[in-house]
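In the two complexes that follow, chain A is the common piece, with chain B as its partner first and chain C second.
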Partner chain A sequence: MRTAVPAVPQYIIWRDERKISNRNTPPTTQTQTQIAHKKYNTRNMKFITTNFVKCAVKTCDSSVDAFPLQYSDCQIVQEELEYNPEFIVHMLERLEWNAVVKVARDLGNESLPPVKPEGLDPIMEDDQVILRDLHTLLVETQIVEGKMVCRNCEHIYFIKNSIPNFLLPPHLC
Partner chain B sequence: MKQYIISFAHSFPNFRVAELESLADLHGVSVDLSHHDEKSPFLVVELESDEDAANLIRRSILAKGIYELWGEGADFDALHESVKSRSSDKFETYKQSTFKFDFVSFMGTKTTEEKIAIIETFKYTGFEGKIRLKNPEVTYAVLEKYQVSGMEKADTPDYLWFGRQVQLSARSEGAVEKYDLKKRKYIGTTSFEAELSLISCNIGQVMPGKFIYDPFTGTGSFLVAGAYFGAYPIGTDIDPRSIRGKGVNCNLKTNFKQYGTSSQFIDSFVMDFTNNALRNNLTIDSIVCDPPYGVREGLKVCGAKNPEKAAGRETNVVEGELGHLRRDFIAPKKPYELANLLEDLLNFAAEKLPTGGRLAFWMPTANDEFVEHHIPQHERLQHLYALEQEFNKWSRRLLVYVKRDEGYRGCTTNGMIENNVTSFRVRYFKSFNEKSRTTEPKMENLPQ
Partner chain C sequence: MGVPSLPSEAVAPPKDHEQQWVHDVYNEIAPHFSLTRYKPWPIVEKFLGEQIDHSIGLDVGCGNGKYLGVNKKLYMIGSDRSLGLIDCAQSNSGNLFSLCVADGLHLPHENGRFDFAISIAVIHHFSTEERRIDAIRHILSKIRVGGRLLVYCWALEQEKSRRGYKEGDAQDVLVPWVLQKKTKKSLKGADEADEKSEKEEKKVEQETKYRYYHLYREGELIDNAVKAGGVVVEHGYEKDNWWAIIERV
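Up next is the complex of A and B:
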């Protein structure tokens, strides 16, 4: 009998191979999402930012479909960044969790818990595993290229050469 | 209440009260600063405790330090008399502590020999602790003010104070030098100087663990300053070049890395502030910025310069795709007036700030036409300060507002629009003469 394979960390969309080997995690299957196994030094769109941006078109303001945007054709990288548990705890307070789940699904992760993890303490030993996973998801997981589509007006915004661009054409201003 | 003495740097004296009031408010410290004199580098204040004193000064950029006041006098005899009569009870408390003496002098200096001689005159305090020049438990300071008349160097101070150091400020810890633009990797023509960026963040009450947003990020001057105070910066700019930076090792992100605050930086992206993509219910705790008043380049927002010419372009098809939905689409820009942009900024702040949250931004004005009435107002925001930095023919003012609770109703006005204030940029290029005051702005005639 083989021992059970450790559970897949729920929060991780994708892990760099270095880390995958550490964790014995089977590679996640990807659909639309193409993954670049490359360490980027330029600034990319952090996963967390997808939780702060909506469609810029004014007539979409009142629509519930303007947030979050739908992410497709995304190329993802993981950049190793300094772990700051206080930052993660503070950010959790601000996150719309439903949107986190939705965007993670767009990017190929179906395993996020439906309810926001609450009451995490940045200095509690017991909370470090989940905080580190959230750090990997929110901060280290980044989009280099891709499309952000408004579910209401269907306007397409691009993440182009690592930079999300929300500038509108004149007829939508 | 106990007496403390604050020593100030000789820098932007008209910003001092606003900075200290803001820091006092931030930490719930009650202090009366109404007797502050811009000409004096020292200010005696009454405070509840050392803790309040430390909280008031720790983040300050304009103050250098704060001392528990032990005595004062017009000369050393008077000073010693005052220290003996007011503070003898304190000698015992610090009797065994390691210590050193500091001299905080304004408009005068002393030689090391003179200093040592003066320190000797404090023998009556009976301190028995070892003298430690590095990390002493207690630092005592002789604060002295000289009166200089003409070119003559004053050799005796005209007033003296003696105190125990409670807290040195961020300035004394080297914040201003650390953030000096000359040492910063990624800067540009519109980078904002370090000292005033840090002061803006203090008066804007940027807080640890809270969001600071700059809608006109540029090279991120306010964001790195905000991160210094522990906040989490988020930035946007209409110009992709500023967000991209000048290369892999020279961009906004590397600036945060340089200052060791990378793990606080949220993100930055390209956005036109007037077509905002930040989600509606996102709370932004502080907004600190220097809106583009268009001296370097005209103020622009997304849109067609000539709407008639642009009509119908939304149906343009390129290689089977709608042009504006393609990856290579570049959004056209049109000129915009500063007065309108400031109105947008106030509306945005009124919507996004939490109660008690602050908006701080810089507004340029030609000196001959500024009137208080030009300061834009919003009914949900209380205007707190208009602090002027004067240049030759123009000034810029740091305007600071606080969002009040539901019960607050101010008045919404925009004096710049009502009075048809000519574009600052037009006046800048017409050398601020009487004629330029009345001419209509013609953006296209200006240098690009």
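Up next is the complex of A and C:
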């Protein structure tokens, strides 16, 4: 079954005005997140990665609060990257949508639909728009610096130079 | 011929031993080490090629990320204990890899979420059998039931190799890595005496670092895999390494 998806793009997070100027949706909480306009040579932590990482502390294994992590003080960049609709369609099947919505909210975007869009077809024009936006969100949106906090044990992990670091202090491992 | 290996007698707790003889060393030799690691091993390439398109997987101990781009139809997260090596992977990535710094015994992933995993030349760096088995068990816990994990470990039986380890030798060893530190290039027109002294300086700058390895004897990896609760579906020997494909049941 196909979920009804509005034709208006819903998945945009801070479309960088240098990239697309007419569809810029400003973040609702500007305080938490800043858009970096600095040029970085290498980036790595794409939004999609946030869907596959959780707290590394053993005692948080059984807690539903250990995933997704809570993202704060994040510096975000968006850059144009190769668009692969097939990848987006298949990844969408494997994503925990609730976590996508939660992390997007952490980063200041409240506009994602609560239900995962399904059955998107890269041939359909309307679906193309949504897939493009998902590409912008999942792949082109990258976290350069920031904090990841476990909602269960409150341990703070850091993202530096776009690399998330999950090493634990001795008393936690 | 080269610098000999040393026997490794762990006196410190395993974690400290690994910090000193594995983590610290990799961070130091990372850029040099990375230059020597670019060719994928055939069995690993085959394993990655056999995964169903758009599967999601883990590369635990991904080093410079040489396996993360082998099959472009897969989505993989590469992790390594060494920030130095992850920095190398990031430089090699072309912004395509998903990377993180993590401990192989404390992976930051949900249990059962992934279709497959690889851990290539990593588990032999854990300094007790218990930790090696735990590492396999931990990686298996991250993949779904029926998912497969490919593990490679350095073999004790490698008589023909440069190192020449063989059956009956000590299995816990410190293996030398000769690090060539770059010295400043001499200015053009520098006289001969200067060049000579620079050569001498270069020799001094050659530094040997030791990494801890547990060399696996025949059958040991399979034994570890079974103790970790996995089922070995295929195994073999390739280029001085024992390998096993372990299924989560």
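As a working rule, the second predicted complex is superposed on the first by the 151 of 173 C-alpha atoms of A that agree within 3 Å, B and C clash if a C-alpha of one lies under 4 Å from a C-alpha of the other, contacts with A are read in each partner's own complex, and residues count from 1 in each chain.
FYI, contacts are C-beta pairs under 8 Å (C-beta built on N, C-alpha and C of every residue); 3 or more make two chains touch, one makes a residue touch a chain.
Remember, predicted model here, so these are calculated numbers, not experimental data.
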Ask   = chain B versus chain C on the shared chain A, clash or fit?
value = clash
Request  = Would you sort A:Lys54 into first (chain B), second (chain C), both or neither based on which partner it touches?
outcome  = both
Inquiry  = Between chain B and chain C, whom does A:Leu107 touch in the aligned arrangement: first, second, both, or neither?
reply    = neither
Inquiry  = With both complexes superposed on chain A, which partner does A:Leu92 reach: first (chain B), second (chain C), both or neither?
reply    = neither
Ask   = Taking the superposition as given, does A:Ile156 touch the first partner, chain B, the second, chain C, both, or neither?
value = first
Query = By residue count, is chain A touched more by chain B or by chain C?
reply = B
Inquiry  = Applying the document's definition of touch, where does A:Lys46 land relative to chain B and chain C: first, second, both, or neither?
reply    = both
Ask   = Of the two partner chains, chain B (first) and chain C (second), which one does A:His171 touch, if any: first, second, both, or neither?
value = first
Contacts on chain A seen with chain B and repeated with chain C across the two complexes = 42-43, 45-46, 48-49, 52-58, 61, 67, 81, 86-87, 90-91, 94, 157, 161, 163-168, 170, 173
Request  = Sort out for me which residues of chain A touch chain C in the complex.
outcome  = 42-46, 48-49, 52-58, 61, 67, 79, 81, 86-87, 90-91, 94, 157, 161-168, 170, 173
Key: Complex interface listing, chain B residues touching chain A   = 209-211, 232, 234, 236, 238, 240, 243-245, 248-249, 251-253, 262-264, 266-272, 274-283, 301-304, 307, 310, 313-314, 324-325, 327, 329, 331-332, 334
Request  = Provide the residue numbers of chain C that touch chain A in the complex, in ascending order.
outcome  = 15, 53-54, 56, 75, 77, 79, 81, 83, 86-87, 90-91, 93, 95, 97-103, 105-111, 113
Ask   = What does chain A use to touch chain B in their complex?
value = 41-43, 45-46, 48-49, 51-58, 61, 67, 81-84, 86-87, 90-91, 94, 96, 155-158, 160-161, 163-173
